[in-house]
Amino acid sequence: MLNSLSLDAINTLAAIILLTDFMLVASSRMRSLTRIFAIQSLALGALAAVVAFETGAEHIYIVAVLSIVLKAVIIPRFIDYATTKIQVKREVEPLVKIPGSLLICAAITLLAYFVTEPLMQQGTAITSNCLAISFASVLIGMFLMVSRRKAITEIIGLLVVENGVFFAAISTTYSMPMIVELGVFFDVLVGVIIMGLFAFRINRTFDSIDTSILRGLKD
Amino acid sequence: MIITLILLPVAVALVCLLLNRYTKLVETASVVGAGLLLLLGSILVLHVFEEGIIDEGMWYLDQLGAFMLLIIVLIGFLAILYSVPYMRHEHENGEVSSNMLGLYYTFLFLFIFTMVLVVVSNNLGIVWIAVEGTTLVSAFLVGFYNKGTSLEAAWKYLIICSIGISLALLGTIFVYASSIDVLGENSDLHWTSLMAVAGQLDPAFLKIGFVLVLIGYGTKVGLAPMHTWLPDAHSQAPSPVSALLSGVLLNCAMYAVLRYHILMTHSSIGGAFSSGLLLLFGLLSLGIAAAFIITQKDYKRLLAYSSIEHMGIIAIGFGFGGFWGIFGALLHMFNHSMTKALLFFGAGNVLQKYKTKSIDGVRGLSRTMPYTSVLLLMGALAITGSPPFSVFTSEIMVLTGGIDQGNILPSLLYAGMIVIIFAAFMGHVVRMIFGDPPEGMEKGEVNKAGLIPMVALVVIILVMGIFIPDGLSDALRDIVALFGGQV
Amino acid sequence: MLLAMIQTLLLLALAPLFTGLIRKFKAFFQGRQGPSVLQPYRDLTKLFHKDSVISKDASWLFTATPYICMTAVITAALMIPFFTTSSINFIGDIIVVVYLFGMMRFFMALAGLDAGSAFGGMGSSREMTISAMVEPTILLSIFTMALISGTTRLGEISFNLATTGLDLVPPALFLALAAFFISTLAENARVPVDNPATHLELTMIHEAMILEHSGKQLALMEWSSMTKLLLYLVIMANTFLPWGIATEVTPMALIIGIFAVILKITLFSLAIAIIESSMAKMRLFRLPNLLTVSFSLSLLAVMSFYIL
Amino acid sequence: MDSNNLFYILLALAFFGAPLAAMLNNKPKISAAVAFGASAMASLVGLIIGADVLLNGPMRLDFPFSSPFGTFAFAVDGLSALFIIIISLVTFAVSIYSLGYVRHYYGKYPVGLMGSLFNIFYVSMIMVVSSSNAIMFLIMWETMSLSSYFLVIFESREKGTVGSGLFYLIMTHIGTAAITIGFILMYSESGSFEFSSFHGAALGMSDLLRSSVFALWLVGFGTKAGIIPFHTWLPMAHPAAPSNISSLMSAVMVKMAIYMLIRCYFGFLGVQDAWWGVVVLAVACISALLGVMYALIESDIKRMLAFSTVENIGIILMALGVAMIFQSYGLKELAALALIAALMHVLSHALFKSLLFMGAGSVLYAAHTRNMEKLGGLAKRMPYTSLMFFIGVLSIAAIPPLTGFVSEWLIFQSMLQSFNIPDAIVKILIPVALGTLAITGALAAAAFLKAYGITFLARPRSEGAERAEEVPGTMLVGMGILSALCILAGVLSFMILPVMDEVTSPLIGVSIGEHLISGFLIVPTVGEFSQMSPLLIGVLLASVFVGVLALTHLYGGRRKVVRAGTWDCGTPLTSRTEYSGRGFSNPINRMFSWVYHPLRVFRSTSHISPYVKSDMRYTSTIEPVFERYFYEPTEAGVRWLARKVSVIQTGSIQTYLGYIFVVLILLLIVLR
């Protein structure tokens, strides 16, 4: 139902998103993390625009624009600002070494294809790639959170998850009802700000935002 | 009508924010606001119970929602009533500045607002937004004391619940996707519209959607093994907030799961799939909670784990299904809220007196704080399922549900766990209540006014233990019918 | 009723005689001449005419015990058929009799503790220990007899058995008899369980209990113990081997009955004397072995009845 | 006035007495009078209700509201009425006793609170036996357990009390869980929680299900009754509780379990499998024998009484087991006989055990210790208490013609009827049980002989005992009532047994009242098998006693009686030369060392030569087998497991997120 050019564009953008996922996992510097995230958001926004163009649903344009503005510009800026402000060491300090992480992410991607395969028979989604990649994004985002130490990287991981979810929304249902979509954006923004605030407070209290020191509460 | 209910807490929050400086006024506004909320909420609840569902398109209040609303406004009111003397005491001891006090009430009302929003929204997307909202707002309340542990708890709460809730969003999207074929692209994600076509929803999407929703909201519910944030957050928050978190928030998240569960039972997949998952997570929660209750050294964490236990019981009840399972689980939501609030209030009194959360640090309550200790002991007996308190009734119903539905082994596990938890829990509480108080500990209650909401709660759980008002009972039957269980 | 009273009086009167008889038999086996068979009568008479000394530490119980013991024995005797099967056993069966003996022992042991001497306590303790081990044997033997004869009333057991031919009697009866015999020795402070003739501090059981009694009280204690022994022998004779007992009240039957029972009791006395002369007293802590044997015998008796 | 109104009065009395007493807490005297006055009056009303139901037939009192579990009502039938009478009798006596007993709590512990709980406890027991609905029953059952729990920990500042109470609470809760599951299984068959619907419901059940219910109830009610191995709470809770409470608990509360066992097995399940009876009989034998053996070597009077309760429960269950066996073979008349015997022993035990606990309480009140080794000589210092305790001892030692004897005799008689059983194996088992009962009886006699002898006779062993004085009159009256009843219930048992028959006949389906009593005689079975008359035995004993006394005085003339010291072998007799309780039970301890696992330590120090000892110490302890091999390992196991599980809460947020991640992936793969 889509013309092949758009289909190619969508597939390319999806591939970029997957690529950025892997880059996020592979990068070892904080600054590059935010950059890559910005690129991913940009690609996502573009993808949304293509879909909007294809389906003619105007509200997806709004979503695309919002996505680009919010996730490709404002949030990366904010995180960069926070990073400099609290003088985080540049290194990412992964708990799992980068080559291992990449292997795991490859496995995750396979899993995502495996899991979404039955869904594809319905043919509601745009392409099988999109759904699988969105799912992979979600899982890779989670993996980032599990395997990285710093509070800021956790926020980025969470944002990657959000991007994945957003991607899934676009690829399966051409995004959700407008009000819901707006609400979700609002929540993401507020969430990031609140997390940033807490990161500040944690830094002030503990002189570090390495979450591995946040282990005072356990049984 | 519903919109007034939604806006009222926002308005009170604003008032509290504006009157920030004037502690007395803030307190008065809070109590009056909470009272109004209780009044308004009760009217709505009664209306729904008597007249039936209120459907305003965007806002939708059926018996299930109303039942949740009842819990929210009741515990909300009592928590605020308890907050006033409790926070004043904190203020006097220099733990909290008066500025923060204003913020406290502001956030408390915002918190209540988000929870009300959860139960009155028809749109599952809005439900999601509201649940996420509860996390964001209550994170402030959890991290209210600007201490290391509070921040840590708040951070964990924020991150873990956010990730969970993201999964729930993905699940919501998949459920939405499952409806696209039937409803076309104008599907509005309203629960009522989904229910109308439940049988035709795409099973593949629905299935994976439910798994994601269950894990996602399950994180918020505190189902093991996604429960990890819960003991930290509950133990670090101010006691009235713990009561709200444990008594209301968890239920709200459970409510969200239930909406999907109901959808599942009416879909082509059938209820067995979602029931099985609920049962699995419920049993896991019960088991893990039991382990932590046994080894616990901190009484607020003890209560937190007990909440995990009870959420497990509720999940088990819905998992068992059948009339008794569902009826019992619903009733258990109410009973657990009331009893847990009572216990957190009691724990608050103890904390203010002994200034420690360690179980070993608290001895001889019966001599230092006779009233609190009696209420606490009653609460402890109640929460562990002793008659004549109400938790017993609902736990028995759940057990009946299990056995009646032929789930013999899970039922036995359930009963066994409850007994073990009883033993461990009472062991801790009894040690706190009796024995010799630490040296220099004077006799006397610190928070006399705080006893009033506690007594109210004891009365509620006692009365509910012996009989359930017909109105409520009928409403619960209607809800059971919603699940497709035979009445 | 009248017969029961006559029998009881006769039993009371004969009790010292048989105690003397056993002693005489023992003396014979030991190659001594021994005291006269009537010696116990003389002892009792002497004691009845003596003043008594009662411990300052003792309570009323100590004084009351001899009378209660005698009461229990007499009441039991009233329910036991001696030479005729008619007694007043309608008010109580053999279980009641066993419990009456239990009552006697109970009071005796209490009195033993009452004076506060270590001997009394030791005697009571051992007596109660032994009785606890003997009790099941006795009741199981009785159980066997009840099964064989279809009743637990002593008179009826005798009657039913006596009117049955010997050949109809199951082997269970003899197993039960053996068990009951061992129990009789244990219950009546005979060798190998206890030595009635000893006053050696560390070995005595029965004598230790009544050590503090004196005068009339002692006489009653001694007499009731003698009667108890005789009653056990009578029960043995009339329940397990009742042939010859008067089953109807005719002069001829009664006379045969008297002779038969006296013959049987004399034989039992002889057996006791032989045992006492040929065996040594056992150590207290070896007793469980013996008593387990008797218990097994009685259990075997029941089982053989059920199975054969 | 009909019993419905009386029931209201009973409830009103207790429900006004309870809060009033609590409110008057600061005025202990008034508070005690109010509380125990209320309970005494309520129990009198209870007696009338019981009698009325027995005479005029069952009553039913519906609750004014309905519950999701069906209708709640107080329904009193014959069996309930009998137990109401037993509860009320004991409560009445204990109430009066308590008036005096609580005096030593004035100013130390909240007497008003105790009085208040006492009333609740009483009412909850009444409600337990009159519940018409399984859930209502459970609520009442737990109310009973809770109120007794609070009473157990009343002396909360004494060492060990709170711990004992907790153990009791946990045990009873475990029991309740088992009971509950049993009821729910019944519900799943009958579709209602009404007791009336349970009748015959078992017919449709599968064998496995029915037997599960049987086993669950045995465990559940057995825990409350104190069958071995679930008995361990008894010797902990009874000594910890105030004596008036232990009296009620031991004499009455544990019987609630018996009540329910009878009702459940004969009423609901309808005994069909003979092996049930065999199981009950086996459990009963073990309980009786081990119970009495532990009682025998115990030096703490109240612990000893607690173990004796285990024993007596065992005896009751023996009769019950025999009844079940007979019933399963359709030998209804014999089943009725055994069940009557069981009920008679329930009554007997209620009477003498509460009497004995009150006696122990009096000793504690006067001499401030429960340790026999520190008592002695109280018979002279507390003559009335000692007399009444003695009557209790005689009853429990089954001395004719007292009440304990009558019930044991009946149990023997029912066991003797085992030859009617068609199955050879079962037939042989019963004589074994009979042997067990015999040795149990003899050991019980030894145990109580020791308890009375060491505590009351000879010389005092401590200053406390030396200075002991007779207890207040109210306490004596309380004990006196029960002493009189102990004698009367034995002697006049021919009047009581027909009532028991009336109670059992609906359960068994046959009445044996026609032949059971003829005149003063008790005739267990039709025909000549046996008969007995406690009344005539009593009369006979009394007249012979008088005769012996008279003749002894006549023969040999009046002789002097000299009071002198006990023969001392030349060494002055002190309290340390007396035979001790431990010494008394030592032979048994040694002979049954395979049961007791005794640990004896003898230590001596000598300075000059090995023959001159300066200090000698002998300690003898027995191994608490059940605690060590059953309860402690279980607890340790659970704790170990819990610690292992607790590892998951590491404190690291990454781990936590990892859990979600893993669960998600697992579920996705499994449920794809």
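To keep things simple, chains are lettered A, B, C and D as they appear, and every chain counts its residues starting from 1.
Heads up, the rule we're going with is that a contact is a pair of C-beta atoms (placed from the backbone, for glycine too) under 8 Å apart; a residue touches a chain by one contact, two chains touch by 3 or more.
Just so it is clear, the structure is predicted and the values come from calculations on it, not from any experiment.
With every chain reduced to the mean of its CA atoms, the largest distance from chain A is reached by C. Inter-chain spacing, taken between the CA centroids of chain A and chain C, is 100 Å. Per-chain CA centroids place chain A at a distance of 31 Å from chain B.
Here the CA centre of chain C is 35 Å from the CA centre of chain D.
With each centre defined as the average position of its C-alpha atoms, the distance from chain B to chain C rounds to 77 Å. Among the residues of chain D, those in touch with two or more other chains are 646, 649, 653, 657, 660, 664, 668. Shared contact sites, meaning residues of chain B that touch two or more other chains, fall at 155-156, 159, 163, 167, 208, 231, 292, 295. For chain C, no residue reaches two or more other chains under the stated contact definition. Under the contact rule defined at the top, the touching pairs of chains are A-B, A-D, B-D, C-D. Residues 155-156, 159-160, 163-164, 167, 207-208, 211-212, 215, 219, 225-226, 228-229, 231, 273, 277, 287-288, 290-292, 294-295, 327, 366, 381, 386-388, 392-393, 396-397, 399-400, 403-404, 411-412, 415-416, 418-420, 422-423, 426-427, 430-431, 434-435, 465-468, 473 of chain B are the ones that touch chain D when the two sit in their complex. Looking at the complex, you find that chain C touches chain D at residues 45, 48-61, 67-68, 70-72, 74-75, 78, 90-93, 95-96, 99-100, 102-103, 106, 109-110, 113-122, 124-126, 128-129, 131-140, 143, 146-147, 150-153, 156, 211-212, 215-216, 219-220, 284-285, 287-288, 295, 298-299, 302-303, 306-307. Chain D meets chain C in the complex at residues 376-377, 379-380, 386, 390, 394, 397-400, 405, 409, 412-413, 415-416, 419, 424, 427-428, 431-432, 434-439, 441-443, 445-446, 449-450, 452-454, 456-459, 521, 528-533, 536-537, 540-541, 544-545, 547-549, 552, 555-557, 559-568, 573, 577-580, 583-588, 590-591. The part of chain B that touches chain A in the complex is made up of residues 123, 125-126, 128-129, 132-133, 136, 139-140, 143, 146-149, 151-156, 158-159, 162-163, 166-167, 169-170, 172-174, 176-177, 180-181, 185, 188-189, 202, 204-205, 208, 231-232, 235-236, 292, 295-297, 301. Within the complex formed with chain B, the chain D residues making contact are 65-68, 135, 138-139, 141-143, 146, 153, 156, 162, 165-166, 169-170, 173-174, 177, 180-181, 184-185, 187-188, 638-639, 641-646, 648-649, 653, 655-657, 659-660, 663-664, 667-668, 671.
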